[in-house]
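Here the structure comes first, spelled out in structure tokens, and everything after it is commentary.
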Amino acid sequence: QDKGEIAVFTKNKVDPFFEEARVGADVAAKGLGYSTVQYAPTRPNNFQEQIAQVEDAITRKPKGMVFVPVDTKGLKPSVDKVREAGIPIVNFIDMGDGNFNSYVIYDDHKMGADVTRILAEKLGGKGKIVIIEGIKGSATSDNRTAGAQETLKSYPQIQVVAVQAANYQRLQALQVMENLMQQFPEIDGVIAASDNMALGAIEAMESAGHSGTQVVSMDGTIDGVQAVSAGRLLASAEFSGFQMGCTAVEIIDRLTKGEAVPERLELKAEMITRETADKFGQPLERRTCKSLKDLGLAS
Amino acid sequence: MLEESGSEGPVGIGSGIAAPDVGVLSAARADTPRPMMVLNGVSKSFGQMQALSQVDLEIYAGEVHVLLGENGAGKSTLIKTLAGIYAPDAGEILLDGNRLALGGPSDARRAGISVIHQELALVPHLTVEENIVLGREPRFLIPGSIDRRVQRETARRALELVGFDGDPRGKVANLTTARQQLVEIAKALAHRSRILVMDEPTASISERDATNLHAIIGDLKRRGVAIVFISHRMREVFELADRVTILRDGRKILTTLPDATTPELLIKAMVGRTVGSFYQRLERFVAGEVILETRALCSAAGLVDMNIVVRSGEVVGLAGLVGSGRTEFARAVFGLDRRTGGEVLLHQLPLPADPVRAVRSGIAFVPESRKEHGLALTKSVCDNLTLPALWKIFPHGFRSRRRAAGVARGLIERLRIATRSTRQPVRTLSGGNQQKVVIGKWLPIEGNRRLIIIDEPTRGIDVGAKAEILKLVEGLAAEGCGILMISSELPEVVGFCDRVYVLQSGTVRGELSGAHLTEEAIMKLAVHHDS
Amino acid sequence: MTETTEMSAIRTFRSDAGAPLDPELRSIIARFVVLAVLCAGVALLNENFLSVANFTNVLRQASLLFLIAAGATLVIIAGAIDLSVGAILTLSACVAAGVMHATGSSGLGIATALAIGISAGLANGILVAGLRLPPFLVTYGMLWILSGGALYYMGGIPITGFPREFRFLGSGFLLGIPVPILIMIAIALAGSVVLHMTTVGQQMVMMGANRAAATLAGIPVRRNLICVYVASGACAGLAAVVALGRVNSADPGMGDPLLLPSIAAILVGGTSLFGGTGTLLGTALGALLLTIVLNAMNLLTIGSAWQPFATGIVLVGAMLADAFLNRRRS
Amino acid sequence: MIADIARISRLRGSRSLNFLSSKALGASVVLIILVPLFGVFAGGFLSPHNLVNIALQSSILLLIALPMTLVILTEGLDLSSGALLSLCGVVLALLLVAGYSIPVATLAAMAVGLLFGILNGFCVANLGMPPFVVTLGTLGMAQGLALALADGNAVSGLGPEIEAFSAFRFFGLPVLVLIAIAAYGIFHLVLYRTTFGRYVIAVGGNAEALRLSGVSVRLVHGAVFAISGATAGFAALCMIARTNAGHPTIALGMEFDAIAAVVLGGTSFERGNGWLFGTVLGVLAIGVLRNGLNLIGVDTSLQLVAIGALVIAVLLVERLASERSV
């Protein structure tokens, strides 16, 4: 049965994280009888292009839109247009302003805090650490870093020797880490805002024959989970793009049926450690969507 | 090599000529008591090149003052100084007795000096009208905006003066060279000038257009405009000039009245020696077997049915007006332009249109524009001299600097190229020496039945270099090469070539040799009778 | 007068002894001086800078930049430009990663990366030289096509984890020296030999200086142009191998951020965009200069926001310095 | 620089005729082919709403492409305009947040753009540095400044005036479209009705002729870059109106779209040969292509390929049309 089309907007096609989200949305849509059309800017993270894509998508009159904003601010004009056209729109992953019908998110701040706590405990409450941020200004990166820094306040003997951005990119994280290792020969811990960057940093340390540094990060990507199982990464936090995609689509479905939906849906981020790692990181094609009911978020 | 006529320096030559020096005002011009413009001891040098030294000149209202001199004598430099383009190193310019400070071309214009420069100074993508008012656009209400009505009117009047019959609102790029020249003249006339300077305005227009221009000049003269005119055409000089000034090597040799002299004397003063058989070949060689033959060659650049034969040991000339297709013929043979029909045979074998093959089969091509097509100006003398022969000098593909410098040194000595080292950038050489490099780079490719195409070999170079270059070319012919020489200098063509093809509109209009080879015969074939 | 000056000039011409330094040599020396001053400055500010480990580190980072820029340097010297090197790197890396994942063979992976680099270079060369299209726009168009191809091929998911022996090229050591540095040295040497010691290299320089004059001298301009584009593609392919070995992961965004820095490295290295002058050693120094600036910023923990600013300043500064040097000389 | 690459790729002297260069062939062909095609296959493409959409999306690109046309006419290139737009946007947004009025903030942004433009112009005109290098350097500087000023973040919370401004419509046309039309009008007047515009064409066509006519070629060169900078500053206002925030990287890469648009529009890198309205067509061609592909729902990767292929295809068509000699 064809109930129409759902437009899915992501920030780019280069970050695997968004592929998870797209697949999640696809899987959920298929299950509910919708088709999807995918939009991502041709220049990665190009906000201007994303705005144009939203405008263009309105012309196709989709049943709904699920939306990862390239930038959290200043979406209002575009979202207003979507609403004016009577199309329900749900934001997921990165919080954004504007009158979205609903938001599907994780608590980035809390995730940052939780993985930091795991690291701090592992280090016995003391040592030198560095923080590798994602794209400055993105809600995920800023909140995760803030969460980490707040937690560290309760560990006065842990010293943050550097905070550097690597834009969620692996190569950049690798080079940043290489340079930081020169400046600070003894780094005990690394907090990276994403698994991708954590792996770059680990790569740098491993090639330098540098061992003993503990790394934590967030996302729970397939690679990240493997690294946790292998003991290269101390812990990660589940930030499932796949599930957010599923849930966002399910909300659209409810909205088209005229059902009420909560304005803000927060998924719970589980910690991924060596012990729990097997539960996470399945290949995308084997994943299934959890419905709101399964998540205990709806009746 | 050159016979010196006995006299040593410029001064000696000047005094050796039996013509009254009227540089200082004489009774000949009693009706114009005060010169409009006076140059006092004007000097200008470019690096070590002294282009003008201590030149004095007086220009009167209502006269045509012709400047004569060999290439490189400093004529253009002199008028560029007048036009405010070059600031003189020493000396002063007076206008109506007042010292003129020319900060730039616009100052000169404001002072009423208009110049038609030797190189066309038109903007291809602007219209005729727009070009005519360029730099002096009529203002409409606010500064910076253009009154297009006045512009049209100004242009119309100026174009009428020169008898331009084209579309004043068409782009200049779409005009023929002759018409562009008319626009250039109209541009200078458009603004009421007191002094009009023309640098070889008739070099590239037909006889008819030249006559037209002479009429215009007569008209301006009557209105009291002073005209400074540069030309290499002797007949024209005697037709037009009220006074003639001769420059040589940057110095003023003399100023004279045309009635008081003869072309021979003028040339002697210009060149500094008796010219005699200057352009004449020393020996003629027996033409050998055919080297190049084209059969009904047509090209995308506008050639139609060109049939030409060049034999070993022969110097064959291509004559014609600018735009007649001489360069295009060379380009088509060498494989630079797409051929659209006919064939090119080199030693009886078809030659594909490919410059690489052309060079490997022994064709040398000396292009007309050294700077654009002949030289890599920023690179060294050595780099340029070894370029076409790299494959000969280094057959295994590995280059040694020592070896390259050795070859270059040999050529520098053989051609007497004035350079301080093999590593000097060619940019810093004088024009004649640059030209020697352009020709010299073909010498390392040996072989005696080669075809050598030379386009305007002596354009813009000084007397000494010119003779040396022609001697070099002659030497190549003596070795058995076939020479195809394109030249706009008719005396050179007549004196130097064994046989001449005259082109017009991209095709051969006639072939001249022996006693039939005269300047008049060439001109007759070269000019369009329809336009 | 002309006659006499020529005579005296001929008399002074005896040998090349005392002739001015090659402009290229001069520019290299100038860059060494700048590099030394920069290093001294940073060393004063930060004691870790001058360590062997940090230098190895800087060199290794510079080597990637150099590899991308090496072939493109030849293209610019020959009078054209290649804006597609970043995209070539991306596509080569992605497909090579895919091939290695499917076959497990390092050899095939390397061959794939090089083959893609070479084919992309060939396509550029044919479009620019064969069809005489403007290089800037052709390679810009290719940039889009190649990155689109990479995106399509990857389908949004990176490929990670490559065989150990493959990674050796990116992250291994030989005699205590990181392999990428050795590759950089090898390419710089080989390229310099071609450029300065072969007739083909000389032809490239001369066609860059004046393409028309080179054509009229019977230089196979088109063939050479195709060659430099192929070299540029091959270098990007090689850079892809090194990059893959280093980060152990391929994603379709990896080459993008490398394009402008690599062009900056070429220009900072003294290669002229007008063609006809430039050296690979210069490009290596340019890459080193830019890398050191970023390394110093990391060491001094200056925010990454200032990195593009610093790169821009270095670029404009280098050009200004050249402009003033040249002005003073003439 | 491009000019030089173009220069060396043509053997003929400046005398040769360019009689076959039809105006804006590329953009026209693209529009003539694409518009009906999308009309049929992309639902809603020809609806008034979507046409307004295309106009809106093209408006800012046009603001960058217009001065770029002048720069390219003088055989230059401005790679810094995208980064400048971003920087000016950040400045403008910061000033709005600080409580300054829109006109004051816009003027300040334009002043920043102008300053960079003058720097570009000075280096190119007075120091003879290649435009590509200079503007690549200032691109980095502007981008770095933007990131640093905004601390990597978007600057938002600009107040209601800017929203009111961006919501303004006239006869159904959004304010940005009106601005773009007005900007075209101004640039048209400047290029075709003023002495300055004429000198811009002349500099590219025959700088020597202009010099001999007593006009300062340097000044013209410098001025086009200054205009480009100031216009980028003004375009920042439009960008802010559209996005409601100042983003330090928002227009990154836009200069390349602008260059492509100018060239598609028939302005060539040689000899001051150009057509300002062609730039409008070029901008529209890019806008139509992106819009149509989005309407059809073509995947990002294929969109990339399509754009690249379009650029090369247009070059090929033009080469075939102007083929004169081998």
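Going in written order, the chains are labelled A, B, C and D, and every chain counts its residues from 1.
Note that in this section contacts are C-beta pairs under 8 Å (C-beta built on N, C-alpha and C of every residue); 3 or more make two chains touch, one makes a residue touch a chain.
Chain-to-protein mapping (UniProt): B = Ribose import ATP-binding protein RbsA 1; D = Inner-membrane translocator.
Keep in mind that what you see is a predicted model, and the values were worked out from it rather than measured.
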item: Higher-contact pair (C-beta pairs counted), C-D versus A-C; value: C-D
item: Of all other chains, the one whose Cα centre sits farthest from subunit B; value: A
item: Separation of mean Cα positions, subunit D and subunit C [Å, integer]; value: 29
item: Rounded Å distance between subunit A and subunit C, as computed from the means of their C-alpha atoms; value: 36
item: Subunit B and subunit D, separation of their C-alpha mean positions in angstrom; value: 43
item: Chain centre separation in whole Å, for subunit B relative to subunit A (CA means); value: 73
item: Where subunit D touches two or more other chains, by residue; value: 11, 147, 151-152, 248, 299-301, 303-304, 307
item: Subunit B: positions in contact with at least two other chains; value: 336, 372-373
item: Where subunit A touches two or more other chains, by residue; value: 13, 42, 136, 165
item: Full enumeration of touching chain pairs; value: A-C, A-D, B-C, B-D, C-D
item: Parts of subunit C lying in touch with subunit B, wherever the complex brings them together; value: 1-3, 5-7, 9-10, 12-13, 16, 19-20, 22, 196-203, 205-206, 209-210, 212-220, 276-277
item: Touch list for subunit B against partner subunit C, complex; value: 48-50, 72, 249-250, 334, 336, 355-356, 358-360, 365, 367, 372-379, 383-384, 386-388, 390-391, 394, 397-400, 405, 412, 416-424, 430, 432-433, 441, 462-465
item: Of all residues in subunit A, those that touch subunit D in their complex; value: 13, 37-43, 45-49, 51-53, 55-57, 59-61, 71-77, 97, 135-137, 142, 165
item: Residues of subunit D touching subunit A in the complex; value: 43-45, 47, 49-50, 53, 56-57, 60, 147, 150-154, 156, 163, 166, 239, 242-245, 247-254, 290-291, 294-295, 297, 299-301, 303-304, 307
item: Interface residues, subunit C side, partner subunit A - complex; value: 46, 48-49, 51, 53-54, 57, 60-61, 144, 148, 151, 154-158, 160, 171, 243, 246-249, 251-254, 256-257, 294-295, 298-299, 301, 303-305
